[in-house]
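There are two complexes below, and they share chain A, which is joined by chain B in the first and by chain C in the second.
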Partner chain A sequence: MIAIEPEPHAPAKSEGKALLIEGLSVGFGGLLALDQVSLTAFQRETVGVIGPNGAGKTTLFNIICGFVGADSGQVSYGGISLLERHHPHDLTKLGIARTLQGVGLFAGLTLLENVMAGAQAGLRSDIASAFLGLWRSSREERRLALRARELLDELGVGAYARYLPAALPFAVQKSAALARALIAEPSLLLLDEPASGLSNDEMDELATMIRGLRSRMGILLVEHHMDLVMSVCDRIVVLDFGRVIADGTPESVRSNPEVATAYLGDEIDKSSGHSQAFDDA
Partner chain B sequence: MRQQGPPRHSLDNTSWLRRFRLPTQPLLRHLILALCGAGILYLVTSSLSPYNDYEIGEIALYVIALAGLSLLTGMNGQISLGNGAFMAVGAYTMALLMTHTQMNFIVELLAAIGAAAAMGLVIGIPATRLKGPYLAGMTLLFALALPPIADKWSTTFGGDQGLTTTVPNAPGNINPEEWLAWIQIIGALITLVLLANLIQSRFGRSFRAVRDDEIAASVAGIHVGRTKVLAFVISAGCAGLAGGFLGLSTGVVNTGEFPLTLSIQLLAAMVLGGTGSLMGMWWGAVLLVYLSQWSTSLSGYFNLGSGASAYLATIIFGVVLIVVMIAAPTGIQGGLRWTWRRILGLLFRQPAVIHPASGLPDDRVPIYQSDER
Partner chain C sequence: MSLFINITLDGVSSGMIFAALALALVLIFRATKIINFAQGAMAMMTTFLASSLLAQGLGYWWAFVAALAIGFVLGALVERVLIRPLKGKSELNPVVVTIGLLVVLEGIAGVIYGNASRGFPAAYSQSGLTVGRSKIAFSHFDVFIVVAVLVLMIAILVLFRATTLGLRMRASAFAGEIARLLGVRVGMLLTLGWALAGVAGSLAGLLVAPTSSFSPYYMDLVLVYAFTAAVIGGLESPVGALIGGLITGLCISYVGGYLGSGLQPLGALVLLMVALMARPEGIFARHSVRRV
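On to the complex of A and B.
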């Protein structure tokens, strides 16, 4: 499906934009959804965020996107705070793009228009030229349509460009949702459960594609599917009940007994230091 | 960027209909369509009686109001029961300027649009926080609250008598009804061209994206609130122009011309024509103008009392709405499109792949648009 070759790369730890999260806490009523969470994603680094259901992964994404406010702590990207006067529609201007859980495509727009909608913040044509249908507006639209079509072709779903999403296979919709995020040319890509609902083959293609993307942008990946997280991430952060219980390379996280406990409860033999949880997943 | 398919037989004499294509450039495309429409309407108005011309002018003015509502509801997903009141704002603005100043007629019409659009901004900003029935309720309140204002300051707004309007003198020996009809038709065609252009631009895509999924739209970088307010303002501006034209048709502007039922009828006519379509608004406007007339003659035919005949129009409107919604859930325009597609399919063995949004065969959908207008 994807022809992007993974390039050898090293996350840039000192230069460029980084996502910095420090001491982030947020509560809903009496429940602490996130408790003193600290996390860093450097430029061109693929960071996986995993944890059992209700661990706070999606809340973390929602705070970064500005859907949810934080009680305390700091979140910034490239030195710009994402907590104060931050709105979801500003994200793409900061170079952050996000895919939504499920698919989140616009049902009444064709696949092509869905992808075009992802570049909305970068368009310059004014309302007067749009009303008058001037070439200034239509040329920009045509260029964008071609770029969206290229991106769909690149993801192997260009043949479906003119169809409405509901009529299409789930994996095609997922690819289009990814294309909609990529067309904004983000420097940080937030992927919210990109593998859910995909078959094993489709997941392999997704992994290949994420590896192809990571030389171009930082990726923050929330995912349940362990094989995928283990195979594409440079670093994995494990959340449990809103706290960070592990942060390290896939190998170190895999052998962390606390992580195994969080996933399987207390019955697991802690002394083994290794659990079936990841091998089965 | 068209997909590679099997080679087409360009000499195939049955494919002439399919090979005819309008340009996809919005201005060229919609100007061509508008000129075709103007040609047809010229033939119609010049062959009919002055009274029929007057009715065609009324149809044209309702097309303007309905097109704005279709953009707001069909493209942006907002329901308004207040567009009759926006029409009143436009009508009163124009009539006040005609009574107290000697401005150019075009300027007075632009002022009517501007005043209604400004009112749309005032109503539209709080409206962005409301959805569905709550939004309908709020706009309904606006429609209810406006007429008493005109009654309260009756010296300014003319009270029950209202304000008189004057149509600019017709050039040459054109009869006044035809002249007024053509003012309204040109207004309608310009409005349709502008709206069709807008729908085919990035703003149109924002409208539809916000309608489908506000969260996904905001993540995609679309300012949801601003988009919804823009749709509301445009819709109100259209209503303002239509209101001004209605004031010209009736000759006076008073609150009786803009009852609450007007807003509801606009919404029903928009649904009948085909929500989200612009062309379909002609059907909605025709029904709006003629149904009440037909019901009047029908009640005369059956010798109904004045009480019963007053309700007959509403009943017929409701029955037509029910029948159309059962037969063609996408409105008259959607039903016609479906029928036309079937006819083409029978005649030319259209490909099985039909673009779901527009009903056009897959290879005829312009690359950057889906919703047919």
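On to the complex of A and C.
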């Protein structure tokens, strides 16, 4: 007989949970995708991770999520290692939610169902309620649907709740994907290129949204759009060829010559001196 | 005219049985993109176990429920032990493994029970109902077949449509990796899908046994018909399986009634070809299918 567990109610996340990454390295074949990367994201801090294509940003996310293993180094959240015996499906239990590059909604589910699918999964209570009491299950279902609807409304796309994703504008889909991450009530939100494919106006809305979330959770933001990163982040970490070349406030990163080198290439390289640029990374 | 009506009624009841086995195929295909060629043999096994329980003096309904429960466990076991290790390997591997399982199960049943056909009791009388003054080719047992399969269908639909468990099963079927990222234990849900398919298959096995020559091979042809039904229904939709099952049952029945029963398997294959030529994605268009 399956015991009915009390619904794992997302607790008020304890203060001071931090994502700590130390000396993280991973290689694919001969290529070192991440080389001794260290970074920290404290609770209620928005940290941007930027860098040219291939700098290792997405690999970093994939390691945090458990999709890719690390060769060496430490990754922990709230004191719990994310590298040992860690499965992607444990992530939400630790309070971590992630949005994907592109959209990644379930094509055959409506926006509302997509968001509902993102809620904290308690499999045992799920099975118990589905098989032992449809009454309880449908009540649970209604509560979840209500919460999902609230989130969609909050992100301004509630009107599309009953539509399948494919029929909807890209920005709407992206908002739904964000709502799906938020319904798990994460204490750390990983945003993988949330601005790609958005217009300038939509990007402004996104920035407002991210700033609104800042008081509730830590955010790790991988993004190409400099304006967005500069405007919403408390701190910015710059990756280049898998190494951290800068870590500081938006102002300090903006004025960092190495960052300019990484982004603009050789012209500055020659004048500022390549070897020096990499020695103090 | 009465011949036509009787053939039609016969087609409906066998169509419902095909629908149950087609539902089993659909449950597995939508979650894992695997056709379980051993589904019929698994149903054969559970029905033979039920017949053993009956021989021990157990009541019919206890044996009936036991067969469904064993089907559940057998389905889960096959997924865990045989199918899961194939993840990420060639698409041909599950085909070979499930056909292998079919052969092994039929072999085991042959060793234990012998290859001769025997009898299996029906839940209700198999003599035709009387409507007005004439007897029709639709018995109490046929009524039971229709009701039992409809109950199963509705239970599965409620599970998928009205529970969070079903929502997560659907989400996992669409994109497993993303579902995993959202905290869904996709592996457990795959096992559950196979287990539910085991139940649906077992039901089909129990319903076919009284009306056929009950031997280790009695489900082989039923699997061919159920496969036809599942493909017609689009392979991913429980409702498609039901309608595909009815279409297949009726066609087979008309072929058997007007052309001769020897032509029935051929009729199913012709139907399969015509359906694939007319609508390769199944009668249910992709979107309506996926929303079920």
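Note that the second predicted complex is superposed on the first by the 242 of 281 C-alpha atoms of A that agree within 3 Å, B and C clash if a C-alpha of one lies under 4 Å from a C-alpha of the other, contacts with A are read in each partner's own complex, and residues count from 1 in each chain.
In this text, contacts are C-beta pairs under 8 Å (C-beta built on N, C-alpha and C of every residue); 3 or more make two chains touch, one makes a residue touch a chain.
Small disclaimer: the values here were computed from a predicted structure and weren't measured.
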{"item": "Partners on chain A (chain B, chain C) - clash or fit", "value": "clash"}
{"item": "Which of chain B and chain C A:Gly118 touches, first, second, both or neither", "value": "both"}
{"item": "Partner chain(s) touched by A:Ala159 [first = chain B, second = chain C, both, neither]", "value": "first"}
{"item": "Chain B versus chain C as contact partner of A:Glu141, first or second or both or neither", "value": "both"}
{"item": "Which superposed partner A:Arg149 touches (first chain B, second chain C, both, neither)", "value": "first"}
{"item": "Greater residue coverage of chain A in the superposed arrangement, chain B or chain C", "value": "B"}
{"item": "Which superposed partner A:Leu109 touches (first chain B, second chain C, both, neither)", "value": "both"}
{"item": "Overlap of the chain B and chain C footprints on chain A, listed as residue numbers", "value": "65, 67, 87-93, 97-98, 100, 104, 106-109, 113, 116-121, 123, 127, 130, 134, 137-138, 140-141, 144, 164, 180, 184"}
{"item": "Residues of chain B defined as touching chain A within the complex", "value": "1, 3, 24-30, 193-194, 196-198, 200-206, 208-209, 211-213, 215-224, 230, 355-357, 362, 365, 367-371"}
{"item": "Complex contacts: residues of chain A adjacent to chain C", "value": "65, 67, 87-93, 97-98, 100, 104, 106-109, 113-114, 116-121, 123, 126-127, 129-130, 134, 137-138, 140-141, 144, 164, 180, 184"}
{"item": "Contact set on chain C toward chain A in their complex", "value": "158-159, 162-168, 170-171, 174-175, 177-186, 188-189, 192, 287, 290-291"}
{"item": "Interfacial residue positions of chain A with respect to chain B in the complex", "value": "65, 67, 87-93, 97-98, 100, 104-110, 112-113, 116-123, 125, 127, 130-135, 137-138, 140-142, 144-146, 149, 159, 162-164, 167, 180, 184"}
